[in-house]
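Dumping the structure here so I can ask a few things about it.
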Amino acid sequence: MTPEMMTNLKLFAPEIALTFFLCTLFVYDAVLPSLRKTLFPLIVIVFGMGLAIWATADVATGVQTYFSGMIANDGFGNFFRIFFFATAAICAIVAYGSKELETSGRTEFGLLLLCITFGLSLMANATHLLTLYIGIETASILSFAMAGFARHTLRGNEASIKYLIFGALSSGLMIYGFSLIYGYTGSLQYAEIGKYLTAHADGRPLIVLFALFLIYGGIAYKISAFPMHFWTPDVYEGTTSPVATFFSVGPKAAGVAALIRFFLTACATKTGEGVWTSIPGLSLPNAVAMIAAVTMLIGNLSAIGQTNVKRILAYSSIAHVGYILMGLVGMEKTGLTAILFYLVAYCLMNIGAFWVVGIVSDIKKSEDLSAFRGMGWSSPTLGVCMAVFLFSLTGIPMFSGFIGKFLLFGALLKAPGFLWLAIFGVLNSVVSLYYYSKILKAMYFERDEQVVALDLLPLHRAGLVLLAIPTVVLGLFFGPVIEFAEKAVLSFL
Amino acid sequence: MAQQCLYIVLLPFLAFLVQVSIGKKLPRHGDFVPVLAIFGSFLLAMPIFMELVSKGEVHDTLRFTWMSMPGAEAAGINKSFQIVIGTLVNNLTAIMLGMVTLCAFLIHLFSTGYMHGEDRYHLFFAYIALFSAGMLGLVVSDNLFTFFIFWEVMGVCSYSLIGFYYKKPSANAASIKAFMTTRIGDTCFLLGIAGLFYVFGTTNFLELYKLIPNPEYHNVTLLGMPAYAFIGFMLMMATIGKSAQLPLHIWLPDAMEGPTPVSALIHAATMVAAGVFLLIRMFPLLQAAEVVLPVVAYVGGITAFFAATIALVQVDIKKVLAYSTISQLGYMVLGVGVGAFAPGFMHLVTHACFKACLFLASGSVIHSVHTQDMREMGGLKSKMPVTFATMLIATLAISGVPGFSGFVSKDRILGGVLAYSMENPAHFILPILGFATAGLTAFYMFRLMFLTFFGHARDEHKHHHAHEQPLPMIIPLIVLAGLSFAIVFAGPTGIESIDHIMPTKWFDVALEGAQHEMGIVEHGNPEIHHHAHEQALIISLIVAFTGIFLSAITYLKRIINPDLVKKLTGPLHYILFNKYFFDEFYIGVLIKKVFLSFNRFLAAFDDMVVDRIFVDGWKDITMAIKAVIAKFDDLIVDRVFVDGPGHLAAVGGWTIRQLQTGKVQQYLIITISMLALALYFVR
Amino acid sequence: MSCILTLMTFIPLVGMITILALPKNNDNLVRWTASVFTAIPLALAVWLYMNFDTANPGLQFVQQVDWIKAYNIQYYVGIDGLSVPMVLLTALLSFLCVVASWGIDKGVKGYYAMFLFLETGMIGVFCALDFFLFFVYWEIMLLPMYFLIGIWGGKNKVYAAIKFFLYTLFGSVLMLLVMLAMYIYSEPHTFNLIELAKMHAFVGKELVLFGWAIPMDKLFWVGLFIGFAIKVPIWPFHTWLPWAHVEAPTAVSVILAGVLLKMGTYGILRMNYSILPDATMWASNFMMILGVINVIYGACCAMAQKDLKKLVAYSSVSHMGYVIMGMASFTTAGVNGAVLQMFNHGTSTAMMFLLVGVLYDRAHHRWIVKPDGSRGFGGIASTVPVYTGYMVIALFASLGLPGLSGFISEALVFLGAFSNPRFQVYVVIGSIGIVLGAGYLLWMFMRVFLGPLNEEYANLEDMTWREKFTLIPLAILVIVLGVYPMPVLNLMSSTIAQLLTLFNKV
Amino acid sequence: MNILDWATSLQAYLVVGTCLFLLGVFAVLSRRNTIGILLGIELILNAAGINFVAFSKFRAAAIDGQVFTLFVILIAAAEAAVALAVILRFYRLKETINADEANILRN
Amino acid sequence: MDVDFPREIHDAIGDGAIMENGMKLVLLLAQVMTLVSALVVVLHPNILYATIFLLFSFLGVAVMFVFAGADFLAGAQVIVYVGGVTILVLFAIMLTQWLYEAKLKTTLMKGLIPFIVVMGALGPILIKETLKLSDSVSATPPEKMGEFAALAKTQLIGQALLGNYLLPFEAITILLLGALVGAVWLARPE
């Protein structure tokens, strides 16, 4: 073992820990198949993720690449590592009690979840196109399986098919884009690509930009940004709630991280402390601004007429990507900080909202608005938590979602010339209130004909409350998280 | 003295509070409280009045700051603002105090008999007590701001009292009409006050009297016109509203829906006169404004004439009196307008007394025969001798028969008018209106007398039940009739050339003092004035007696058949009987047609346009689109948009969602097209 | 007692938590708890009134604590002459409304919890001196309001609630942008309203929107103004108001009309006037026109209403127009009158709404004229004389009868606006509103209270002690301030004088 | 340059790659059969592979491109495995493998 | 004209120009076969034929790989695609359809819009720009091109996989494991 190897392994420790627990799960399941119906898989996952987070905290020093420049170790990436691990753990809890998932499939579900998390981590930290590719494919291919995890339902299967076709094509496009970029720059390293593109602005064939579009398409598919958002509502609606919960947060955050890392390294140059300038011939701010505007518009407007709550949330998640992308417009650190904060807030509130939907659909066998009728009265905990999540998603002060928007718009206003996007964005958030309030209306303003008592697992009750509390607390005392995010952004490689 | 005034005002106000809170539980429903209170006010006012009579002048002020707001340090428009209020006792105040307290007291007294046994008896006294407080407050105010406040208080009392029989829809309608019509004037009044604040920074009368002649203020403009003129016109509008001048006179006849004492007190003696009192108080300004006074004069003159013509044909005894009031108020306004300020004020006071007497007497009649229609009366002379006698005196007074108070004041006004037109021949129409009115007044007043008291009883049943009234109702009549003699105000006959030997000129002395205080300069040639007065005396005597004579031969002796006249002058009579269709025009056309439909339009506009188009927007468009699409896609029909501001967004969302066909390859086609499009876009 | 404002703000919140912790099914306990927790801020408000230094135009009872250091956000509260009348009004009305809501029997716990939460937001808005804090309070009021209307409202409650919510959110997101932009373009970056006002940082700069360079301060002004205008509500942003007022339960209507509307005008004075005086001058004509439109438009709409509550709601539109006129006049009397009108309208309209609520509780409808054209009420003055008495006070206060509070403020507004030569025409036009105001109120009074008795309502019950209890304090305020307004004017006048130094160029 | 020489040039590789890419995209968009779509995706991946290998030789003169292609091939295989499993499941549930019949989730 | 065939080919054929031209012809034919087969894959109505032609296309690509010096890849291509993927697909087809009736109904309407999008909008510009890219790359050939051509690629790949590309090499195992688990979960009956 060379010292270099030691460093590599040490810095890769969180993923190694993850892999270890993945294997543990696999092996134990092979030996004692009966364990899969108990709490065991959950414990392994949560414990493993906890350990992985701890390991991340341990390596969170220094800014460097390792494994021969394949992957980065910086504050930014570690932020996302922790984010993914935590998300995975929460989603494991969400999935635990879900009746949509077969109990017999807990091990498989856990394995897929961990494998995808591994892929997400690679995505977020990749500094080499191949790493990015493997990360994305790990996340995608396994997600196809995960989307159809409820294998006996037509809806789940259809979700899987759509996800598959869409994902396969977009990854094909992306890989084609990689090949073109490779052809032009002769390198697969982000940094090298960036240097080459900056240096050779004159006479650059148009196809390079096309290649960049294709790469954007591949990543946009993960974050479901325009024009790769179409699969989102269908897949979220069709698949089981825990899976949708995970999809709406984990891969999305990873995609955002990959997008930021790729475009800020390969298509921009760092011109100062936390300030980037895009390569000549490509106005990243304008492009991102357009995409953000269209994405949020589509998400918000499409959500208006829906009656399926999961579908509403799916569209809303598209809209939120639009908001998140606004943070990239300024190409500087406040925007990125805002994005990171927003992701944290988004993680809390979106998981919470999807979770509630999952619980309701487990009991009422429906995700329709009518299933939520009177829920605020028949099950106060669920109702209050959902209200908190929805308000937070809308961006009402006192909830963390507001702070996220606050920071995003602040960053956007700093960038001169994008006032229009800011105004567009706030108007969109007004529109979003309309469909969120439909859920609130069903929960509180309407009464159900037959009152079905909603029995919550204690685990779920505790989990929801534990998500709701930080949703509120982060809306009032967000200083530490911001500082943390800012630190992460400043140590961006 | 000025402090005394506070008590004068406060006493009836306290009575009001007592009546409102515990009046119902007191013995006799507490009617004695306001009566005693107003009597107290009267007693307090008497010394002031007597001092004026004896010394020829009183003057005292009391001031304190009511509101003050510091302004921005650097002066500009944001100078500090304060309203100083207080009481002012001067000659005018003293006379008014005496008149108002006396009338009010007498009418309170009368009411105890007249209103006896009515529902909400205690509230009636509460209202008139509050009214008295308001009127007295107005009289003693030393500034226009509090003047306005009390002016409004009176308005509300008037509103409440007109609508006292609140179960009668006509009473309610009348009360609202009264309030709304005067409110138009009040609004102008407020603007006038605002103008005064803007120009002078104060509304204190004494300060204004000093400031008005200052040329510095003369040149201030307001809304493109000289400030004085603007303010003058606004105050004139206030008067027009309150004193029921043309074209806002329509409320006063309707106000007769109220109990008769109310008509006597509010709609004859005091409140309506407050408008004239305002003009008199602000006379220096009107005079300085120059353009205002002629307009005032015309308003007064025309009103006087028109109201008198309408009164000719009315059959409701109170309506006749109401139009007569309008007419007489027109006289006063005319007087002020031509600069005959003292006669105008004198007429105010004399009119208060005899008109109150007329109303009370008519009230007495109504109370006795339970009808207001003169066609159902007749021959009451013997049944109600005191009422008849007092009413006759008052009628003689109003008709301008020498020896009675009305003659004195009216004659002086007419003299003033004549002098004015002699100096300004262009205004020849004014004296014609004035003298014609005098004749008409005599005619219709005697018509009233003849129809009511003379001849034979036209309704036997009612006549049978008629009787003389109890003492509380008789005493006021007698006192007021007593005050209708000229000797109270001037010499025994009222004809100056005869009376100059008699030194009871306290009124003239007082008014000269007041004029001096205001800084009013008499214009014109004394020669012409003297001349005009003599001519006026003769003419007015002639027309008054002509009127009486015609009336007598028509209604007493029946030499001329009134019905025949009616037939002969058919259309004219119709117009007069319907009061020149003012009401029909205002209510039928202006309010119902124009205004209410405007409001309905606005409300509908609010609902339909602002709400629908801007906010709920696009609903119809959505529906139309949906109707088309429905044939192709059943799903759309089921999709019901919740009403709300999202319609525009909903349409957009609906459009976008049409892309979400559920067919993954179609998604991919769009995606690829977008990429291709981007390629073309960046090229 | 520098923490008195914090106490006032958060005691209701403590009350809310307490109420949520109370056992179920004990409604009376909840009611009493809510009363206690609103009575305490009221008591503190009285103390505040006693100890407020009227001569000091600056801030008092200031408390300044760092909140979020990274963004220089502070918990910064304090009151001056502009806010203290509003704080007092809020504390009073909240308490009275809790008492007035005694009759609510559906979801009592939730109702009072929401109500107390609302009070926290309201007092917070008037105390906050940090823009961020202000905004947070401003928005969190929406939540309880949304639920209060949506759950305990009338027939169209859902529509009304969402309409209210959407409208207000629309305004406040613009405010959010302006807040952020102010932070970014101020140097040093700050949300501190007082420092922003001192800075004049936005004059002469420009921002690009859709390719146009727009003066920054004017852009900010418009953004803020729309946000506040919706709350006031200023035409044409008023259409949420009739709905929200009509559908909301009585107490909530009272709060809406009594306090929430004033937040808009308060916000304009606090933000637009203090921070962007130049832009305010630039827009004064525009404001004046809107004020006049409000006065007349509101009155005209009120005149056409058949629903008693809707009439009162539109009358609020009209009356808030006077506030705008007064503010836009930039004169001592005008601005003082405007702030006084904010207070006075709060009391008189609160009375109106409470009274309408009392009637509704008994008759279960509020039609002046029923939709089918038949008489809604009629002649009930004889059956409910006490009620009628209170109504008369509220009504005359509302139509600006001298001697009652509404007159003073309206007159001051007119005097003030008229003494600014630029606005005299508007005042003349606006004065039509006085006439119209009398018109619709008296018309309503006649239809409902006078005339022959509608036999259906011969057995109406007169006011109960609880209802009287809620009305008497307001009636006293209406009368006392009508006769002698200095107690309230004193509070604000020095601050306003200071504020007006910004506009001396007029 | 004759056509045989051209065949060995970078241009020839790229043209073949591009055409393959276009054909693949066209197949994905137009085939009804999910397996047909899958075939199209394989074509796209091969197109990328050709590009990578060509650039590896003509542009970078380094092994990176080939390694990348190797991974592409591997991942394509894994993808195909999962995809076929999904398609089989689809067939079992719906008795069809036509992509446009997967349309219960829409709008 | 010195065409730099991979060393292995040089070794095998010697220096004959005819042989060299023959080799070039093979490459050209392979390229043509790739495209023609691909066209059949795209257009043939029967999925089975389409799949079999895919196989030919893959083979053509493999030949191209060989000529570009990627002999190891060519092997991998043949083994994985031809031996693995295509067989898998054939299994799938047989499991899901009657062999000869399984028509791919590419109706005109369904094909038209994609045709316009791909061949009309995307195709021309893409090919044009690709040619530009090719020109710009060819204009400055890398210095080490000849040197690189001479190296043994399999060895290089091996070194790369265990050297610079160790991470992807390890990471892909996770992918494969997950894919295995997922595919089994989905495919398993019950």
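Going in written order, the chains are labelled A, B, C, D and E, and every chain counts its residues from 1.
FYI, contacts are C-beta pairs under 8 Å (C-beta built on N, C-alpha and C of every residue); 3 or more make two chains touch, one makes a residue touch a chain.
Please read these numbers as outputs of a predicted model, since none were measured by experiment.
Shared contact partners of chain A and chain E comprise B, D.
Of the two interfaces, A-B and B-C, the higher number of touching C-beta pairs belongs to B-C. Centroid distances from chain B, each centroid being the mean of CA atoms, peak for E.
Comparing each chain's Cα centroid with the centroid of every protein Cα atom identifies chain C as the most central.
In terms of their C-alpha centroids, the spacing between chain C and chain E amounts to 73 Å. The mean-CA centres of chain D and chain E are about 8 angstrom from one another, to the nearest whole unit. Work out the mean CA point of chain B and of chain E, and you get 103 Å between them. Taking each chain's centre as the mean of its C-alpha atoms, chain A lies 43 Å from chain C. Looking at chain D, one finds that residues 14, 17, 21, 24-25, 28-30, 37-38, 49, 54-55, 59-60, 62, 64, 67, 71, 75, 78-79, 82, 85-87, 89, 99, 102-106 touch two or more other chains. Touching two or more other chains at once are residues 130, 134, 137, 141-142, 144-145, 148, 151, 160-162, 165, 169, 173, 180, 183-184, 186, 206, 210, 233-234, 434 of chain A. In chain B, the positions touching at least two other chains are 642, 644-646, 657, 660, 662, 664-665, 668-669, 672, 675, 679, 683. Across the whole structure, chains are in contact as follows: A-B, A-C, A-D, A-E, B-C, B-D, B-E, D-E.
Of all the residues in chain C, the ones that touch chain B in their complex are 158-159, 162-163, 166-167, 236, 239, 242, 297, 300-301, 303-305, 330-333, 336, 379, 381-382, 389, 396, 401-403, 407-408, 411-412, 414-421, 424-425, 427-428, 431-432, 434-435, 438-439, 442-443, 446, 449-453, 484-486, 489, 493-494, 496-498, 500-501, 503-506. Against chain E, the residues of chain B that register as touching in their complex are 665, 669, 672-673, 675-677, 679-680, 683.
Of all residues in chain B, only 635, 657-658, 660-665, 668-669, 672 touch chain D in the complex they form. Within the complex formed with chain A, the residues of chain C that make contact are 67-71, 107, 135-136, 138-140, 142-143, 146-147, 150-151, 157-158, 161-162, 165-166, 169-170, 173-174, 176-177, 180-181, 183-184, 207-210. Contacts from chain A toward chain C in the complex involve residues 377, 391, 394, 396-398, 402, 405-406, 409-410, 413-414, 416-417, 419-420, 422-423, 426-427, 429-430, 433-434, 437, 440-441, 444-445, 476-479, 482-483, 486.
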